[in-house]
Amino acid sequence: MINKIFASPAEAVEDIFDGAVVMISGFGEAGSPIELIHALIDQGAKDLTVISNNTGSGHVGLAALIAHRRVKKMICSFPRTANSKVFPELYKNGEIELELVPQGTLAERIRSGGAGIPAFYTPTSVGTPLAEGKETREFKGRSYVMQHALEADFSLVKCKAADRYGNLVYNKTARNFGPIMCTAAKTTIVQAKQILELGDIDPETVVTPGIFVNIVVKVSKPAEESKLVAEDRRYPW
Amino acid sequence: MINKIFASPAEAVEDIFDGAVVMISGFGEAGSPIELIHALIDQGAKDLTVISNNTGSGHVGLAALIAHRRVKKMICSFPRTANSKVFPELYKNGEIELELVPQGTLAERIRSGGAGIPAFYTPTSVGTPLAEGKETREFKGRSYVMQHALEADFSLVKCKAADRYGNLVYNKTARNFGPIMCTAAKTTIVQAKQILELGDIDPETVVTPGIFVNIVVKVSKPAEESKLVAEDRRYPW
Amino acid sequence: MVGKEEKKGWSVGQMAQKAALDIPDGSYVNLGIGMPELVAGYVPEGREVIYHTENGLLGMGPTPEEGQEDPELINAGKKYVTAIPGACYFHHADSFTMIRGNHIDICVLGAYQVSGHGDLANWSTGAPGAIPAVGGAMDLVAGDIRIFVISRHTTKEGEPKIVQECTYPLTGKNVVNTIYTDLAIIDVTDKGLFVRELAPGITFDDVQKRTDAKLNQYS
Amino acid sequence: MVGKEEKKGWSVGQMAQKAALDIPDGSYVNLGIGMPELVAGYVPEGREVIYHTENGLLGMGPTPEEGQEDPELINAGKKYVTAIPGACYFHHADSFTMIRGNHIDICVLGAYQVSGHGDLANWSTGAPGAIPAVGGAMDLVAGDIRIFVISRHTTKEGEPKIVQECTYPLTGKNVVNTIYTDLAIIDVTDKGLFVRELAPGITFDDVQKRTDAKLNQYS
């Protein structure tokens, strides 16, 4: 029988190993799987390469993972946001690597990783510093940059509801990177606010088909990152 | 005001010109926009390049368009099916061109056309006759073939329901090529069984966002191709 | 090569059953058109297997009852199917993400020819005047999906289908993992073809006689 | 170059209004973070404009009323927004299909610098020690989307932002179509920069004095 439901975030992240490449969903706090990230901090894996659009806020979630020196390298599009303090500090001190990728290229590289496409050409970043050292090529008289797929050992994703097959639906703009990250990891770990029975999700409205998901854990009341940041909370508490 | 609803299939296809590249949705009869195709036959445009998975059945729909010698070239993955008589006949006589593309490569080329990706690499067809003459390249020790995006002047697509913004939902496996073809044409023309009010489609369950659609026409009772074929009907009747 | 087909060996149903036994619980499986479709009927009780059809359905169920057919709910062979609870629909690019991205675990296909190195030819006989049609076959074999071939051991004319080198146009090079025929189950390994199981009343030599490629026995 | 900022010219709201007037009915528009967001408030009555935010929403509505904020319904600037009837949500790859595939009609962005050939620099000052952050800016300018830049004509220090050649790292080469400043509306054409409209009380020479690149007048 197929049952992808695990009992706790701790069990869900148990197999993440030192040096792993980990994709983390979310755009700012929307869609960020904060309970899975905290479980990963407790679990202790280090030397991680993290692929995520931002670098977290305050001292919780992704920012806390970075603050605990578990992240060797960030691959992201926007590492500084209003409440992002941890990453800039480490970066200025040369204590963390950064691969800066335009947001649409980041999304397409992840989607390609999931789709078995090793590389593609994009007009984005042609003629800019982010295209330096990259192969460029003309198609129909325009220049494009070659970009390589991104794949991960693990993806940590937050969604609204899941069933035991791993079918997922999301909430509003918290969908963002979740669906493509589910496709691009060897092991996809999802925290869902609700677990539904098979068939409760209309087959026409499934956003992530279960084939892309390995582990689901229920987190019915996920923490709100912005509230934790406003209260200056630090994980672990 | 945005209102993409047109009064009839005839008005919807009015601007299709001789020599146009036209994508037509459907996998077999499921998702094939038969009323739009019949309107195109009536309209008279010729020398078309048609991109569609199959070549139609009997003497209706796409098969009828081909039978009327309006199609110069087919780009498809599976030109012969049980009831496909018209295309094989013309092809054997050298009266129609064929570009045969593996089904997944066809889908990805269309998706790339819509996404502004001019070319990508795929493992599909490496070492086979369909890779001959194409550029191959190694990534991480494996060989891949470079494939170019497909774009169209027009896409003809069938769906279940639409609103005046052009947001679409589909029915079961009739979804197939519809969503990607909507993205890859300069002008996307859709026949919908139902027209809904704005907001009647849950924003979480829209499959094709309206930005990819230009023209919607209501066809509340589309013909069933298999029934027409069983009755040996021929268009125009 | 060999004269008439003999009555010994496995029936088509038994071949499908043998392939089904090699599909682990929880697998995501794509079944090709024709003989491969039979495999779904033989998955052992207690195993939950999810079927993918590349025209946009994961969680394909059995043929609908008469009168329940929906022309917009079909499989890749354009036959009427159903959807199980927990199924989902998606578009063609997402469907081939499941295939090309190696998310499908096992694919069962038919064959015109399989070579001694696991090359597969199943889309074109290359005959002059034939209409070429490839469908999704090349995509299914292009990744790391385990490829099971289910096929009669020889053609109707008694010609071997397991050959040293394919003479028909290839679907993919070095892609087949296991071959299920009416005579034997044959694994394709780095060291060549190995007969894993013989049908009742069939000897290794019987199989080798009807096979153009060299066969090996597990020691 | 020029000393203190003067009180003449358009207010920020008026600049946004000028840009809004150039957005046709039925346009799909992406608004950058900051000043560009104001444009939505000035679209003339009777025009229906659909706003795209690259984090996955087409049909973005105004700021929610107090108490109605949803941390999972935000725009690219991470501000709370709403969704209009007829809106839809999608993932990031689909969102950038809308951008890279030129389905968006108009994008309004801020700028550090715009060059005489329409090069845009708006993501990094290139200062040593600065944390580079690019977001979606390079994707938005990479295709054939019409790019409107809305910006004060000079920096707080009075330095020109419209320059012969950008000194900051580029976001894209030859990408800007029109520049809306507090002093003028300037079109970027193949033949150079052309002043289309002057703010009240501003002369062509006033604008040229505060501009490093050469300006032209439509004849």
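As written, the chain order gives the labels A, B, C and D, with residue 1 at the start of each chain.
We take it that a contact is a pair of C-beta atoms (placed from the backbone, for glycine too) under 8 Å apart; a residue touches a chain by one contact, two chains touch by 3 or more.
The shown structure was predicted, so the numbers you read here are calculated from the model rather than taken from an experiment.
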*Among the other chains, which touch subunit A and subunit C together?*
B
*Where subunit B and subunit C are represented by their mean Cα positions, the distance between them in whole Å*: 29
*In whole angstrom, what separates the CA-based centres of subunit A and subunit B?*
34
*asked:* Taking the mean of the C-alpha atoms as each chain's centre, how many Å separate subunit C from subunit D?
replied: 56
*Among the residues of subunit D, which are close enough to touch at least two other chains?*
83, 89-90, 93, 96, 99-100, 142-143
*Give me the residues of subunit B that touch two or more other chains.*
108, 111, 115-117, 122-123, 170-172, 204, 207
_According to the definition already given, which pairs of chains are in contact?_
A-B, A-C, A-D, B-C, B-D
*subunit A residues touching subunit B - in the complex, by the definition given at the top*: 108, 112, 115-123, 139-140, 142, 144, 148, 169-172, 202, 204-205, 207
*subunit B residues touching subunit D - in the complex, by the definition given at the top*: 1-2, 111, 113-117, 163-165, 167, 183, 197-199, 201, 203-204, 206, 209-212
*Using the touch rule from the top, collect the residues of subunit A that touch subunit D in their complex.*
27-31, 53, 77-82, 87-88, 91-92, 98, 100-108, 110-111, 122-130, 170-180, 207, 224-226
_Residue ranges of subunit D in contact with subunit B within the complex_ = 25-26, 28, 46, 48, 50, 52, 58-59, 83, 85-90, 93-94, 96-104, 142-143
*Residues of subunit D touching subunit A in their complex?*
53-57, 70-75, 78, 83, 89-93, 95-96, 99-100, 124, 129, 131-139, 142-143, 169-173
